[in-house]
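Both complexes shown next keep chain A, but they swap its partner, so chain B is in the first and chain C is in the second.
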Partner chain A sequence: MAAPVSGMGEAPAERLPVNSTSFQKKTRSKLVSIPGTRPSVQNGQLLVSTGVTSLDYLLGGGLAVGTVLLIEEDRYDSYSRMILKYFLAEGVVCRHELFVATAQDNPDDILQELPAPILDDVAVPKAVEQPRLTGEPQDSLDAMKIAWRYQHLPKVQSALASSSRFGHYYDVSKTMEAEIRQAAKCHRFCLPDHVTPSSTAHRLESYSALLESLQEVIHREGFDLAAPMSKSRNILRVGLHSLGSALWGDDLCCHDKPRHRHALTTFLYGLRALLRSSLSVAVVTLPSHLIQDRALMGSITRLCDNAIALESFKGSERETNPLYKDYHGLLYVRQVPHLNCLASQLPDHKDLAFKLKRKQFSIERLHLPPDLSETVSRVSRGELASACGPSASGTKNLDF
Partner chain B sequence: MLSELLQGIETGGLLIIQDSCSYSGRDLLRSFIAAALNREEEVHVLCFDVSEDELTDGLKPPATQRLHVHNAYPDPLGWTDHPAFAVQQFRLEDLTDLVKQASQPKPATLVIDSLSWVLRHAAPPAVCRTLQQLRKGGAVRAVVALLHADMHQRGTVGSVCHLASSLVAVAPGPKGNEAVAKITKRSKSGKVAQDEETFCITEDLTVAVLSRPSSLPEAKPNGSEEEQADPTANLTFNLRLSESELEAKQKLTLPFVFSKEKKTALLHPGPGSGRILYEPDANDDYDQEDPDDDLDV
Partner chain C sequence: MFTELNSILSSSPDSVTPGEFILVSDRQSDASFLIHHFLSFYLRSRCKVVFLGLVQSFRHYSAVSQRLGVSLTQAKEKGQLVFMEGLKESLSVLIPQADNTESQAMNFLRDPPVGLRSLYEFVRSGAVGSGRAEDGAEEWGPPVLLVDDVSVLLSLGVDAGAVLDFSHYCRAAVCSQMKGNMVMLVRCNGEEEEEEDGEEGAEALLKGLTHQCSLNLHVQGLPTGYCKDIHGQVEVCWKRRQGDGPHTQRNLFQYKVHDKGASFFPRGTSSAVL
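Coming up: the complex of A and B.
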């Protein structure tokens, strides 16, 4: 539909002003533009990246601001700690503020292990990296001889990734440089500094101390949504390591019928309420393999918005299974939230496996290889015929 | 890996020997004590399960100067007025005092026999906290503890073993005096190494590692490498190329093979090649709710 272009030959001074029509485009509700966030394409929520692009894709584009991501730890807490580090590193790169809480270890231990970001990463086309067989000098165009028009397109990957460049990539073999890390503001919470343990306490104080500390930080630094929008807003990333373990004073993991049964669930309820009213996002790791009460585990999962579980192959009999040889473990998506909508978008694939590579934590669909052996049973012809057509006894009644 | 553990536990490490009623891990614990004494380290032992004589049986006199046994066996719960050591004293402050007053400035190794006793009479979260604080504090170099896995709930055993940097689970072996040890070692960088070994303990408390019951995957012999099946062999027609044919193939110019300049020109379109200039005019002012433009709103 070609519309005539008016004013082509006129001098610029005589051109009509642009707003000559009364037509006004309906704009979206005022979304704060904070670096490192973007609105979701599905429901308009403000999303932040978890640091792992495959995980962003599984959670519907990213973590919505104001929600909690629960990570059920693997047996030796290696990969869940890695995802927590990715989350915090993403916060440093996007210039968000961090809040890290640990029970007995120093939060600085986690902060010093953050992976180094790959800062100049664009989707590097794989074609450039192919070895140069012809030996010609640095000439990327000759790497593809026939399909050279596809030179600059990224290679198709079976790893799940969002199409837009929202998250960053990290190199696990290097730690983040101190200058980059110190540029980010970080609040720490270490349990021994806040709570003096007393063996006669009938109520667990560690969780309430944590919640109070978090509330105080949110209020003081201005992450409250109720605060006036005077200065530029930022996001607070909260990382809670190994909540519910015995080091927090909770006997959830120790006993089959824990005494402080509702301490963690009360905390999660309060945490979610706190996050909903502020510009923060939380990642909580939980050693769920130690919790014997599955009903309690279910209620903990319900209280968090997003929930994933990691199962590492290390130490289990699955390590030697040839099916799993390319991967480091399995990943289960337990829950995806439905915020301001009726139904949530669960990922299509239920069998997911993850692999920690040097530059990427990739989550892929677990493919079953085709069974080409001779022992595969095939439906015999006789059975087929009897299944499709009416059986001999059946036609008796239908005989007209 | 068992012999490496016997040679030394890293600073701040917690080694837990997990046993059951079918095989007692106390002999292995005693061989750890013997190995630490032979390395000229100070060793403090908290003795709950068995008497002091039974525990130190077999340890030679010159080494026992560095051994300090805190005997809680006669009165573990402190019913008399002056217990040597009671379960209530299993706290960071008391243990630090105990270790500091007896030993030289060099930090000592703490051996607990057994942790199950402490877990029966103190809350597991408190015990875990004390163990973690002992590791982080400077008074004790490393902690070795014996845990009877069948005495506690699975969650308790799991929580305590979650803290451990090395875990040795012993079970009875195929023959009489042999035992199988499943070793899990977690390093600070998050790497986990696992191993399974058969061992037996001799009279003088040395551990003889016998064999590995799990067969390792056979390393491929370097010499014989199978050749890939050559698909061009055994055919009734000829798929191979002679030298001249190979040359001719490489000289062939394919269609749609452009020169470099043309490729760059096509791949990176320059500015001004196809811009559309548009200014909205009256026809664009189309209101869906008022198509004829005649409503008076």
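Coming up: the complex of A and C.
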């Protein structure tokens, strides 16, 4: 439901208060529009694209400015790193500023691997349609005779996409050219360059240094909402790689009862405070599979606005399972935010899978196709039956 | 303010029962919509409200309250609402600067084991202000303390015992002394049967607060699984200390949150099903 026009913006004649925070409902008269953003149709939030169009759709149109997206890494950090690179590449193409922080690699390593944008707009995906049998008139195809109860249900559209395009497409096989990349302003934070002598139980020096550095960049470059509105505004995209891993000095991933239990959660609280009061958006990746404490994972998730988890099939026995041969992994939506409104946009389906194609990272609803092959051997049929319940293959054994 | 919830709780803005401690708890769900209900409810009944908004910005609460028909900025200007924006205050403590003029309320971030004494002092001074009748200022009703939410204090390093002490002090000051009300939101993540050491803090806090409260609204997901039309179930549990012994009464409702409110209905009677 679109936000009513009368609800957008505050009392029109007044200036916005100085200490207001993000999620301004920006009316046309007040703010020069920032490139690469658009207002949400649901609640007027300012959205940016994550670089992955299906992820934008899942998050309700895009990532809201002032929020954090938490990505729980897959086992080998391949796809989460890919999404982080998409996010940063989208920032370069939209001419936003970037802030990249890592603990192990140099941030430049990530920046040099950004995928190349497809700028000529050739690959525009169409919505998946049911294949039409040739020669059959439209009416008889639409009017179901046997399964008429299902007449009113919408056709299955497995690829998640919305009608209006927002965001760009990238070619994963090529890296972004140096000229395009250097045109974007990028701030780096590499932990080994910052001294970390000692830490108290609740605040780690590494996280404090990161928070201070981020705040300093926000103040200096004018991303604060309190800064004068007359200047042209831009968005700061913050990418934090592998937060919570041992390389940040945190022992969350190493021990069952970590000593620095609250260091990461305090940092995330400070990050949320910084983002809500500035025009920035953050993507944080976290190796959650190393954290033993599920309760701690729960409080970390609650302190981030959006949260997704990736589980890739690489190295697991599902990689060779013919059921999953079309996909590279599963995607779980752990949390969706409700910002400036009571209701949140819950996803339609909870079973989602992703696959990384050369020109697109697509997230689709996981549905198992009917097992129509005649040549499936008995051995694999047993595997299929045990692997996944709701598949139709089990009944083949009852051949009368 | 949700009218259906008012009829379930038999409360109305015109007559507010004093001395109540309402605990809103949730398990693997999000009960913050109830905090918005109580905020607009108490503002409508002309009580003085002290709101500790620890997890979201003022703009968020203000935007939602506008949809529910209450203006937070106006209430703040008139002095009816004392709002503490936790996120903003915390930045000056987490990132120490040379010339910061921070309020003392979020001091516990500097050294969490110390406890929440400064936060309690802030609450007390905010609530006491209603007693004095200044010239030209309006008289407000008894003070109400709203906390959204208390579990984030655990994430910031405060001990569960310290949080229970804080809530007890606030209850003694606000509910008993000043005959006001108190509403707190506490969030839990795990299953009830699991006994993990890490969860000690949150479960102990939930149990302790449930023991202290007089009305508990417990929000959970549906036991049968995820559904887009029914967002979960609310269990309303009264603890009346009547003369004829302890009398607890429980009711179970399902709810759906939409743009301008939430609708509550008995189990199985959702409009999506019937």
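Throughout what follows, the second predicted complex is superposed on the first by the 292 of 400 C-alpha atoms of A that agree within 3 Å, B and C clash if a C-alpha of one lies under 4 Å from a C-alpha of the other, contacts with A are read in each partner's own complex, and residues count from 1 in each chain.
To be clear about the criterion, a contact is a pair of C-beta atoms (placed from the backbone, for glycine too) under 8 Å apart; a residue touches a chain by one contact, two chains touch by 3 or more.
Please read all numbers here as calculations on a predicted model, not as lab measurements.
Undergrad: Between chain B (first) and chain C (second), which, if any, makes contact with A:S40: first, second, both or neither?
TA: In the superposition, A:S40 contacts neither chain B nor chain C.
Undergrad: By the touch definition at the top of the document, which applies to A:L303: first (chain B), second (chain C), both, or neither?
TA: So A:L303 only meets chain C here.
Undergrad: Contact-wise, after the overlay, does A:H262 reach chain B, chain C, both or neither (first, second, both, neither)?
TA: The second partner, chain C, only.
Undergrad: In the superposed arrangement, which partner chain does A:S316 touch: chain B (first), chain C (second), both, or neither?
TA: neither
Undergrad: Which of the two partners, first being chain B and second being chain C, lies in contact with A:R272: first, second, both, or neither?
TA: second
Undergrad: What is the contact status of A:Q345 with respect to chain B (first) and chain C (second): first, second, both, or neither?
TA: neither
Undergrad: Should A:T175 be classified as contacting the first partner (chain B), the second (chain C), both, or neither?
TA: A:T175 sits against neither chain B nor chain C.
Undergrad: Could you say whether A:R294 touches chain B, chain C, both of them, or neither, answering first, second, both or neither?
TA: second
Undergrad: Tell me which partner A:L247 touches in the superposition: chain B (first), chain C (second), both or neither.
TA: first
Undergrad: Share the list of chain A residues that count as touching for chain B in one structure and for chain C in the other.
TA: Looking at chain A, the two contact sets intersect at 7, 21-23, 256.
Undergrad: Show which residues of chain A lie in contact with chain C when the two form their complex.
TA: Counting only chain A, the residues touching chain C are 1, 7, 19-25, 201-203, 208, 211-212, 215, 256-257, 261-262, 265-266, 269-270, 272-274, 276-277, 293-296, 298-299, 302-303, 338-344, 346, 348, 350.
Undergrad: What part of chain C is in contact with chain A in the complex they form?
TA: The contact residues of chain C facing chain A are 30, 32-33, 36, 57-60, 63-64, 66-67, 87-88, 90-91, 94-95, 109, 111-112, 151-152, 154-157, 187, 189-190, 196-199, 202, 226, 228, 231, 257-262.
Undergrad: What does chain B use to touch chain A in their complex?
TA: Result: residues 123-126, 128-129, 132-133, 136, 153-156, 158-160, 162-163, 184, 186, 190-192, 194, 254, 256-257, 260, 263-264, 266-267, 277-285, 287 of chain B touch chain A.
Undergrad: Note which residues of chain A are touching chain B in the complex, please.
TA: 3-7, 15, 18, 21-23, 76-78, 81-82, 104-105, 139, 141-142, 145-146, 148-149, 151-152, 192, 197, 199, 245-251, 253-256, 287, 289-292, 314-315
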